[in-house]
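Right after this note come the structures.
Note that chain A is present in both complexes that follow, paired respectively with chain B and with chain C.
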Partner chain A sequence: MNELEHTSYTSTEGENRPISNARLAVLVLLGAEIMFFAGLIGTFLVFRLGSTTWPPASQVDVRLPVGVTGLNTIVLLLSGFTMFKAQQAIRQGLQNALRNRLFLTGLLGVIFLAVQGYEWVRLVHHGFTLSSGVYGSIFYVLIGCHALHVLVAVFWLLAVFIGATAGRFSVDRHVGVEVCAIYWAFVVLLWPILYVLVYLI
Partner chain B sequence: MNEHTQESHDHHHEESFVRKYIFSLDHKTIGKQFLIFGLIMFIVGGGLALLFRWQLAWPDRPLPIIGASQTYLEEGEVETAADRKWEERYDDDKDSWLETNMPSGIIDPNFYNSLFTMHATIMVFFVVVPLLVGAFGNFLIPLMIGTRDMAFPVLNMLSFWSNMLGTIIMIAGFFVPGGHAAAGWTGYAPLSSVPELSGVDWGQNLWCISLIVMGISSLMGSINYITTIINMRAPGMTWFRLPLAIWALFIVAILLLLAFPVVASALGLILFDRLAGTSFFSAEGGGDALLWQHLFWFFAHPEVYILILPGMGMASEMLPVFSRKPIFGYKSMVYAMIAIAFLSWIVWGHHMFQSGMNPALGMAFMTTTMLIAVPSAIKTFNWLGTLYRASIRFTVPMLNTLAFVSMFVIGGLSGIYMANSPVDIYIHDTYYIVAHIHYVVFGGSVFAIFGGVFYWFPKMFGRHMNEILGKIHFWISFIAFNGVFFPMHIIGVGGHMRRISNPTQYEFLQHMQWINVLITMFAFVLGAAQILLLINVFWSMFRGKVAEQNPWQATTLEWQAPTPVPHGNFGAIPHVYHGPYEYSVPGAESDWIPQTQPNGESLPDEPVPAGAAAD
Partner chain C sequence: MMWRYFSLIVGMMVLSTFIPTVVDACPSCKTIDDPIVQGFKWSILFLMAMPYIVSGLIGGSVFYIYKHSHRTNNHKPSSNVKGV
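Then we have the complex of A and B:
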């Protein structure tokens, strides 16, 4: 960290920043992430709007699990709420609450991934795969990219959780929790958009 | 002149060789790594160009030196040493790399496709971006904004080494069965997404993977640049006291950040199509090949400005220094760059007038494209305004900068023709477009790089480059550059298609073949001239004249730091009192006032309207 922040130079440098480097960097990263998904969503829309029937004629028998995924959406949104509460906890210095709420967030994230995975297995058994025309291609790639992001976020959360168990965060020093929370908020808030686009309309 | 820089920094501890030169965290070392990397790749990319230029001038003639002799080809009699080599290669049972790609030294048409594809890919992603953004961005940003290092030095190091990983993957593509990617640097689907169409298998996959890795590398770089410039400017360094090079790099970092993820997703889709049986770009499964062009150009048009904006910024640094005048219209320069960056997002369709896209859409793209001429012209006239009645010092960086400005004008003007969709229908996919892109990227960006290397070399390495050698290199490069690329306008309008390996096959092109020969001769001169640059760089690094702290009498912060710049850059963090271009201020003692020097005529914490002195 010494090299990262140059704390060994004069102590006045880096004060009065409206936003810390780490937080700014994660926000900048989200700019790139949004453009990445914009590319994929754009691809989805080109196929969706360019096709007279959706799913395309060759894939009419495919039924996406709208109901289960709807419940799963609520699970993920709930994890966004618990993450928010975890952030509040550390701002007040509540170590136990931080640990519990981080754990709960991670658990909800894992449940979301497990349900998604289970549904994928069922769809594949029904014969709906990556190579089932453009409908299957964009479904698995778009939803899969989001799942991959949730997975990354879960591992990130695990690292933060380990840090929290070791008591590494305090009222004054919790940027590690904050940046993870920003990223978590991104994967949570992105999902309803994808759910509406891919499952509902 | 500046009390802050007198005391050297006491934070100087000994580091191991690996830590200091290879996995260095220091932004200056990483910048130099990018510089040397970029120069080496420049030679590689140029070498590929010379190979296909040979083929274009003398189609199906064996290459010099390694090629077989004419007697060997016709009668099978071994005459030269090269013939003997070829005889040996044909005799053994293995298919060697040379045998597949250039039998008897004649470039195979499939290899020709890989050559021009890789020439462009390497020049764009492995030369110009690493040099302009990687080398100058890393070296200049912390020094010019007055801070000790980047916000995230570890990320910075990872950016360079993931760039190296991407390079290894890309170079490996040359040696896989089926040859390297051959679908052009634009990788149009379905040529790129269906292996059977181009006959290229893993070459195209590696091309996609490598570009995704390069995207991650530039993502790390841009996060670093944006954070550093927003958060770590020296006290008093307000946004409108930033040097224009920093403004350009800041805007470019945003463009890179937002553009590359789009093409990364598209490259991922190509890989899925090739490897996992998806049908994004094949009509059979309901996909759309045109989608690739939209996704690619949505990225690649901002990418074109990524290639030129830092050059514009660097030219805006060098022009005032060697004109001894403030840059004309500092703020309009900034706003023009912002306007160019904004417009770059809504013009991508002008690459696709001929693609079967809706003509009404073409009209819209034509209009937005024309609009770009406005901010570009603002910049050009500001540069001319800076030069007007200036006491110009014709140093090597200045010569290169003047070449940048004039060649950019030619490149910009030829761009207006292509922006017109009716005209573009005629010149689309001809050598006219090749001429245009090279006037902008070689005549523009690369001359800015030449100038920038020469200008900042004393600060980078503590030694001067050789002035005479620099001038020889400049004049040969400048003349040969025009010799190579200007005639391309003419053969382009004459209907010479690009990306064909043998122009003599077409009767209507035969009368222009002498121009192809001429272009190739100039190309070899241009290539040879770059050896002078390499000699100058590497010789001067160790043997050049030792440089003083501020040899060009420049005002910006990097020149107020000691030479060679120590770890941590500045003794104490400098305080900035005014804008970056205070040259020939009326009533001042010297004709330049460094940014760190309080200016009697303006209050210390109020931005001086830059350009005021020019009025």
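Then we have the complex of A and C:
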């Protein structure tokens, strides 16, 4: 049972598995999530490339908060880094560092969501809503779906943080942290793509 | 009997290609200057590529994790030291 103790892939019979069931499940889940967002991005491409002017003529006065969202992008990327450091901490058995880095990651995720929410409220007050034509629909659906995924990731992180506080993870057993980190990496790496597509192009 | 139905379906499909409105249902067959054609074209190409990218990512991840775990296993000392 001492073999592969970093990732605890060893079954009860002592047979080495190439990958743990939890990790495989999260990878398959991410495959489905990628296809979901690919469908939304495909829709965006049809509207964006199918339109001679972007934003469309009826929404030309809408100004998306490019600068603030750019800074928010850095916040989310930073949370990806702190999550990576949290993984490193538990691999080295550093319980306090794990808790601190998980907390920091969650905090950065909440800051990202709060800034996004604040900007959305401002846009809605300016009359840019979900029913503001194609531009409004694709913006709120695409960015909203990502925000929903970040929210789910924050709750997942909270559960992992509670587990870490209770001392449930160790050098030998930390697959819970690993799968949460994979999901967090997905929401972090997806955001720059959406930011460039929706805000910059 | 099955052969008759099959011939009927194939015949109808061939006939439908002679009807311009049915042919126009394909976005790539519309006027090439229309921007919506470009939108559909890139969207279709993007979505066609995604399953291969997803399969590659999952397969690559499994391969990387497998190789990484083997490397960790090979470099691990035989004692019970946890490598802290």
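Some points to look at:
Operating definition for what follows: the second predicted complex is superposed on the first by the 187 of 201 C-alpha atoms of A that agree within 3 Å, B and C clash if a C-alpha of one lies under 4 Å from a C-alpha of the other, contacts with A are read in each partner's own complex, and residues count from 1 in each chain.
We take it that a contact is a pair of C-beta atoms (placed from the backbone, for glycine too) under 8 Å apart; a residue touches a chain by one contact, two chains touch by 3 or more.
Just so it is clear, the model here is predicted, and its values are computed rather than measured.
In the model built by aligning both structures on chain A, chain B clashes with chain C. By the touch criterion defined above, A:19 reaches both chain B and chain C.
Residue contacts after overlaying the shared chain place A:53 against neither chain B nor chain C. Shared-chain residue A:43: touches chain B and chain C both. By the touch criterion defined above, A:93 lies against chain C but remains apart from chain B after alignment on the C-alpha atoms of chain A. By the touch criterion defined above, A:31 reaches both chain B and chain C. By the touch criterion defined above, A:135 lies against chain B but remains apart from chain C after alignment on the C-alpha atoms of chain A.
Only one of the chain B stretches 93-101, 417-425 or 471-479 carries C-alpha atoms that clash with chain C in the superposed arrangement, namely 417-425.
Once both structures are placed on chain A, chain A residues 3-4, 6, 9, 19, 24, 28, 31, 35, 38-39, 42-43, 46-47, 50-51 are touched by chain B and, in the other complex, by chain C. Contact residues of chain C toward chain A in the complex are 35-36, 38-40, 42-44, 46-47, 50-51, 53-55, 57-58, 61-62, 65-66, 69, 72-73, 76, 80, 82-84.
On chain B, the positions that touch chain A within their shared complex are 11, 25, 147-149, 151-154, 219, 222-224, 226-227, 230-232, 257-266, 268-269, 272, 276-280, 285-288, 291, 294-295, 298, 568, 572-573. Interface residues of chain A facing chain C in the complex, by the touch rule stated above, are 2-7, 9, 16, 18-19, 23-24, 27-28, 30-31, 34-35, 38-39, 41-43, 45-52, 92-93, 171-172. Residue ranges on chain A touching chain B, taken from their complex, read 3-4, 6, 8-10, 13-14, 17, 19-21, 24-25, 28-29, 31-33, 35-40, 42-43, 46-47, 50-51, 56, 58, 130-131, 133-138, 141, 145.
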